[in-house]
Every structure is written in structure tokens, then in C-alpha cells.
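Multiple structures follow.
Heads up, the next two complexes both have chain A, just with different partners, chain B and then chain C.
This part shows the complex of A and B:
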């Protein structure tokens, strides 16, 4: 029984508890029909992409500014697959797990792109890396704009792949698929943070040269983190655009990366609970401002984000980690 | 036996050559020092040894085998561990986390608790401060932590890049006492690179003098101390 109580003690720490609570809250909200399926799917999508970017940017400090490229790759490959491949379409019709199965193919392709690109551009540091990823985003965007319309000139006008009704799935299925995606990426974040690999990533973030001479295989680890991050971003992108009924070049808009960055900065870079807290806060802000101040909502959001970065660069979780609660330093329990 | 050997190494950055024909040996269980002023090529020499920089010509041998082409993290795995110039601690990690990360290599993982005990014994202050962030330590404590971090990885050879840099004279004395202790009590093999020639000569077993990328002199401590050139150029006697 000791292993069970050990497991219980481990799961009752704040971070795993937060993940479990979030997953339970979504499940309860779904069962009790507290809000629309769409709202919840989008909410989970926000957390999922924030947690995906956290794997590279939060843990290693590398800002992958063109990260939305993987949203686009995932969404396009998914859409084209269900459009043209009958078994893929049949598979996704089976429900949430079927969608995940098809989306995994898209995610693996995105991960391969990330691995190939990562090996080259992760030699660059700081701003140079960020710019290289923006370059990648534009390159893929133009490839998509230049090729997709020729696949089917009548249907894919302006490189938009709008899914016909034969390829659409129920909102319940996309909800389930996004739920699985979010749970997977959060669990991955937690496992990475707890592992030797995660320790190496943190060392890279703090001082890459020091990490290298202490025995951390920095090139390998950075590429692996980037690949994992791209994998989950593509997974989330595929499900999200399926939920929206199709994908357009808008998926490659850098504003999506800004969303992800803002969420993990609000929450706290490099922490597992950061993307969750950031996702909740950001989604709430985004939604409230959109409803109450349409038209100027993004301006207000921008100002709020600017203030957070100026005055609380460590984010919510980062600030909490500084405090002590009942003699326990929160730093030790908040991952 | 020589733990580490550089054989006629030439290297540099881009087109700028920084080392010419550098040969040196680090003997087991002793403190070997490389002395020289700013820009003499001391740090470059260490970079060749850790593998951050590749030699253009010549060979680097560890325990008799060439390690040219072996990446830095693999060399760390073999036991070539550096205490970098300016400490290079991870400021946002606690002392304990830093030590945990110091034991990153596979060879050090099993000996973690043993090494931790040893390190806490050597530096009791680190035990007291184990939950403090590394970035909040004083200069002397930081240097102790940097050395402790390196020791956590069970080094076969410890490379130290100017451990006296930026420290108060009293603290420099403490640091050098620690290095001496590492040799005497732990039989550690140390390659020490220093500008503070006066201090370095006091603990050295054997020394090399680098000038503008070339080894201009070598010898035992007594030989170097007696040398007119060193007395005039470096010690101001």
C-alpha cells in the first residue's frame, strides 16, 4: 500500500492537484451543461497551446515566435486528410478518440518539421532564434498559399480549406478531442518538469554554457523540447480548426503566438501551473473585454499585458512562489 | 600518469589564432596551474579541453585517449568538469537544486547522497543556505557553490577558470585553501588557470606560463618561483 499512499501524496501537491481539478471542472461543466460546448473547447484550446509553447519557451527560455506555424501545419494536414482520405474521414466520425487518431498523424508531421528545423535554428540564440522561427512561419505560409489553391482551384479559393458537411463532426466529438489534447499536454508538462530532461532544460534556460559543461546534451534537449512543443501545438491546432469547420491562412497569423506567449507570461514562465493559470486569466480577460468593450478590446488587453510584463514579469505563479504559506515555501510545492 | 594532455595544439576563433603549439600535461592527484595575464589564452586553453572549441591542429588526450571531436556533455560524462570563470551559477535555482543539477551526469547520479554529504562537509554554509536562491549568495559563497556543483559530478579532473576573479583578498585565500584541501584530502586532480600568479604559485605542484598564446615556460613550483622572469614580470620582485 505504500506505493499507493506515495502516489496519493504526490498527486495532492498543488500542481498535479491543479491539473486534476481543471480536468474535473471541465468534465463537470460538460456533464451539467453549464456553458456551451464551443466555449469550453476554445477555453481548453487556449490552455493547450499555452502549455505546448511552455515546453520550449517556458523551460528553455527560447522564444519560438513563429510557433503558430505548427498550428497551421496541424490544421492544414488534418483538413486535407479528412477531405481526401476516406478512411481518415471515417475514423474521425467515430468520435473524440478517432479525431485524436487522425490529428496524431498531423502532429507527427509537424513534429518532424520541428525536429529538422530545430537542429538547424536552435544553434541560434535569443532574438536570432525568434526571427528564424518567424521566417519558418512565413515560408510555410507562402508554401501553403502557393500550393493549396492548386490542389482544388474551385474549392480552396485563397488557400481556404472549408470542410464540406460530409467532413464535419459533432461539437461533442471536438470537445472530447480537445479535452484529451489538453490533458495530454498538461501531463507532458508535468512529467518533463519532474524529469532529468526537464532539469536539463531549466539549466539551459539559466545558463546554456554552464549547462553544457555540466554534462547536459544541450543541442539534443533543445531540439527534443522544440519537437514536443510543435507536436502538441499541431494537435491542438488540428482539433481547433476542425471545430471551427475549416482552416485558412489566418492560422499562420503571428497573433496566435502572441496569445500563447501572453498566457504563459501572465501565468508564470517555466512553471507547469503557469499555462493553466494564464490560460484561465487570459481567456476570461479576452472574453469579458470582447463582450463589454468590442472594438477596443484588444487595445485594453494590450495595455493590461504591458502592465503585467512591466510589473510582474514572473507571472502569477512566479509571484506566488516567492511567498511562504504556513511555514512551507511555495517555491517548493508550486511547479 | 598524465590524466590530461594537450599535444601541440593550435586553435582560435574564426581567423584569429589564439593558441600556438600549446603542449601541457596534468598529472594525477596534483594541482597544475596555467599562469598568464589577460588575453594570454588561458580560457581558450580550457575551452579546448572542455570541447567548446576544437583544436585546428594537435591532439587533446584524456587518460591516454584522444577526445578531439567528443562533444562537451560527453566529456563532462567522462569526468572533465569545469568551474567556469565568473561562477556561471543558475541564479533562479536554489543552492540545493544547483547541487542536484551538478550531479547531472550518469556517473554522478548514484553517488548523489555521498557527494552531497562531502560537499556539505566541505562547505557548511551551503547546507545552511540550501533553500536560498543561488543568485542571492555573496561572491565567496557563489564561488564555493560553483566548486561544490562541480564536485557533485564526481570529477576525474577539475578545471578551474580564475576562481579568484572578483573576490575580496580574504575570500581568495579561503578559495585557495579549499583547492589545496581538494588535492590533499580528496586526491583531486586540478587544472587551475589563474591571473593571480602569486596565490596560484603557492598551491601549485607544476606550472605553465602562457604568453600571447604560447607556452613560454614550465616547471615545478620551486623552479617557477626561482625564475628571474617570473619574479620580474609577474610578481614585481
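This part shows the complex of A and C:
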């Protein structure tokens, strides 16, 4: 009993509550058919990639600008697997969990790439790290453009892997898979934030040298955070491009990283609820502007984002955390 | 003579052409407070950086409790039981005082052996010991310099070290704050049975509190001994103290 009330007390805090509410809201919207499956899948994808990048950029402060490379790696490996490996195709046809099972393989490969690269690249600090990740993105992009067309010159023209109908799955399945992905990455964010590992990451963000001297294994922790982040980014990428019916070199476009960064900054860097709030706000802005101001929508979005970064760089959650509510310091309860 | 807990053997550290430490030999005995003094640029902080693993020396070895630790990563050395403070305070500004101290517990000698809630309790106890418990939920950025120095000390103590390296914890403090800090250092040293090396420019303080003094000058050890011996040493007077009578007066305050 006591463990149940303990669990209840733990879950009734703002951050877990927000995660649960979000998951419930998506479930209700799905059951009541409030909007199209595609809309919901894309919305969840936005939150999932923001929360994925948050694991490295939010917690440690390392800006992984080429992070979209893991979207691309996840999406390409997934697409090629279901195209060429009969059991992978059969597995993804079983539904959402089947898709996740195949996507996990793609995510593990992306994570291995991240671990190998991270060991070398995370010695670099600040802008140099960001540039190194952009280099990684371009390197992988050119490898893809130089190899994929030769695997099957007739099908993969311009390195595009357009999935034939035998490899496609229902929108319901991709919805379920994205739902699981989003829930997993949000839960991971929360658990990391609450753990010793998370404390170490935040210490690295604050002062890396001091953290190392205080006993935080900085090199190991940064690599681990980068690897975890790549893993979930690839998972989300695999499901997202499957939902779109295929992948092209566009997946490596740095604009995807910009999307992720903008969402976390709007929400609040390094917080768990930040990517959720940022994802909702950004998606809503993006969608509204696209509908009402087509053509100039991205210009307006850019101006809004610029204003936010100028005047509220801490983001929504970061600002809320400064205040007290009914005698409770919000920074103690709002992660 | 008790056993040496730390042995610095022939340590040499160069920065380009500058020899910051030149074949320095120091034994630190279990339970003592060793004062490390010398003019600016003498190599005191560099020696701390070598001991705590921030720098790898070009020559020589460092042994802690009989185990060689030369060139080990800093975080491993901390876990073995050497903690330090920084001359220029390095608090995690966006964390509370308690969270700052918890990092010390979670990644110190008990790394991996304490839960988050145990770490919280232990950190709170350390804060009580140094008298910073009233500020536990304040952000570290809101503290005064004196409090930030105490927080550095608290974070180091939270690691449950056997050897504590204090790098100018008294610099920039007023006489009352120095008095308070010295009391805290003495008390915690007794309570935790620590061995302490302190780098200090506040002469009357270090002459008072240290059992032995080592003097560095241009990267070389020029004197070693009891405070009164060191204050009488002509080389030390020339290099650093300037006035022997004044130095002796500091010792006699004891």
C-alpha cells in the first residue's frame, strides 16, 4: 500500500502529470477521431525529436547541430531493411509493436555510430562540437548519396528510397509506433532528470571542469547522453519516414535540427516538460501560420522564434521555474 | 612519524618553456594540516592540479595511500578519496546549494553506493556541519563570495575524502569571515579525520592552523618544516615573507 501511495505522490507532480496528460490527450483524440491520424503522428514526432535532442543539448548544453543525421540513419536503415529483408517486412506488418521492433534495430545502429563518433567528438567544446556534428551529417549524407543509388539504380533514383506498396503499413500502425516512441523518450527524459546520471549531466552543463574534479566521469556521461539521444532520434526518424512512405536525402537537412532546437528553446532547455510545451507551441504556430499565411508562414515563424530567443531565452518552463506558486518554489516541482 | 598518505615524488610540470614544478618532493602525513605557501606563480595551484588529476606531469609520480595515481583521470582520483576546492569558485550556479552538495556525495568516494534520497540526507548533514543548511534551497548564484567558498568546501567534504586540498579558501574574505572559515576547517578536519593541504596567502591564518609548512618558489621546494622553522628560514623570508619578525609574530599568535 505504502509503495502505491508513494507512487501516487510521485506521479502527482507537475512534470509526470504533464507527460500523462499528453499521452491521455493523444489517446482520447485518437479514440474520438478528433483529427486525422497523420496530424497526430506528426505532432507526436515533433515532441519526440525535441525530447530526444534534449537528452544531449538540454541536459549537457552540447549543441548537436548535425543531429538530423540520426533521423536520416534511422530512416534509411529502416527503409532498406523492410525493402530487402522479408522477415523485417513481415514483422512491421504485425502493427505498431512490430514497427517498433524493426525500428529498434535501426536505432541501435544509429546509437553505435553516435557512441563511436561521440568518443572522439565530445572532446570538443562549444562551437567546435556543433561544427563536428554538422561534418558528421554531411559525411553520412554523401555516403548515402554515393551508395544508395547503386544498390538498386532503377528504384533508388537520387538516393530516394520510396517504399513500394508491399512494404507499406497502415496509418494506424505508424500512429501506434510513434505513440510508443514519444512515450518512451519522454519517460527516459524524466528518469534521466531524476537520476544520478542526470545530475551529472546538468553538472557538466554548469561547469564541466568542476564536474570532472568532483568525480563526474564527464567523457563517459557525455558519450552516453549523446548515444541515448541518437537512439531515440533514429527511432522517431524511422517511424516518421515510414509514415511518409519513404525517405530521401532531405532527411539530412539541417532544418530538421533547427526545428528540434527551436522547440526545446521555446519550451525550456534542459527541462523535461520543455520539449512537450515547445513541441505543442511550435506545432501549433507552424500549422496555424501555414493555413492562414501560406507563402510567408516561415518568415513569420522565423521572426517569432527570433523574438523568443531574444527576450525569453529560458523558454516557457524556464521562466515558470523562477516563480513561486502558493508558497511552493516551482523550480522544485517543475522539471 | 605517522605514515605518509600522499607522496609527491620528483614531480615536474612544464607549460611550454615554463617549468611550473621542478622535481618537487613532498610527503603528506596522515591526519596533518600541511600549509603550502609561496609567491604567486610558485606552482602551488599547479601542484594541486597534478595531485587531483587535472594535469598530467611530465615527470615524477604521485602516490596516494601507496597506490600510484599519476595521470589518472580527475574523477577517479576524487573517488579514491582526494577532494579539492578551487581558488576561483566554481559553483553550479543554476543548481541549489543542496543540489551542488549532492553532486559531491553522488560522485565522491561513495559513488554508486548511495541512493538519491540518501545523498540528499548526507548532503544536508554536510551543509549543517559547515553552517550553510539555512541556504540549502537557494540557488548557488545567489550566495555571497564567502558563502560560495564555504559551498566549495561543502562540495569537497560531501565526497567524503581522506585528503582535502584547499586552494585559497580564505582569499578575499574579511577578518571575521576568515575566523569563521578557520573554525569550520578545524572542526570538520577533526570530525572527519581528514588530512588537509592548504594553499594560502593569508599568512597569520596558515601559520596558525598548519602543522607543517612547505614553501614553493619558482616551481621548487625551498623550505619545509614547522611554521616557526619556516618563518625563520632566510630563504623563505627573502623569497616570500619579506619580514622575519612579522612572520614570527604570526606564529606566536598561536
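We adopt the following convention: the second predicted complex is superposed on the first by the 335 of 335 C-alpha atoms of A that agree within 3 Å, B and C clash if a C-alpha of one lies under 4 Å from a C-alpha of the other, contacts with A are read in each partner's own complex, and residues count from 1 in each chain.
Keep in mind that, in the parts below, contacts are C-beta pairs under 8 Å (C-beta built on N, C-alpha and C of every residue); 3 or more make two chains touch, one makes a residue touch a chain.
Note that the structure is a prediction, hence the values are computed from the model and not measured.
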| item | value |
| --- | --- |
| Fit or clash - chain C, chain B, common chain A | clash |
| Touched partner set for A:194, first chain B, second chain C, both or neither | second |
| Touching partner for A:202 - first (chain B), second (chain C), both, neither | both |
| Contacts of A:210 with chain B and chain C, given as first, second, both or neither | both |
| Touching partner for A:218 - first (chain B), second (chain C), both, neither | both |
| Touching partner for A:238 - first (chain B), second (chain C), both, neither | neither |
| Shared contact residues on chain A - chain B and chain C | 196, 199-200, 202-203, 206-207, 209-210, 212-219, 329, 332 |
| Residue ranges of chain B touching chain A (in the complex, touch as defined) | 50, 52, 71-74, 76-77, 81-82, 84, 88-94, 100-102, 104-105, 131, 149-150, 153 |
| List of chain A residues in touch with chain B within their complex | 196, 199-200, 202-203, 206-207, 209-210, 212-219, 329, 331-332 |
| In the complex, chain A residues that touch chain C | 194-196, 199-200, 202-203, 206-207, 209-219, 329, 332 |
| Contact set on chain C toward chain A in their complex | 52-54, 73-75, 78-79, 83-84, 86, 90-95, 99, 102-104, 106-108, 111-112, 116, 119, 137, 155, 159 |
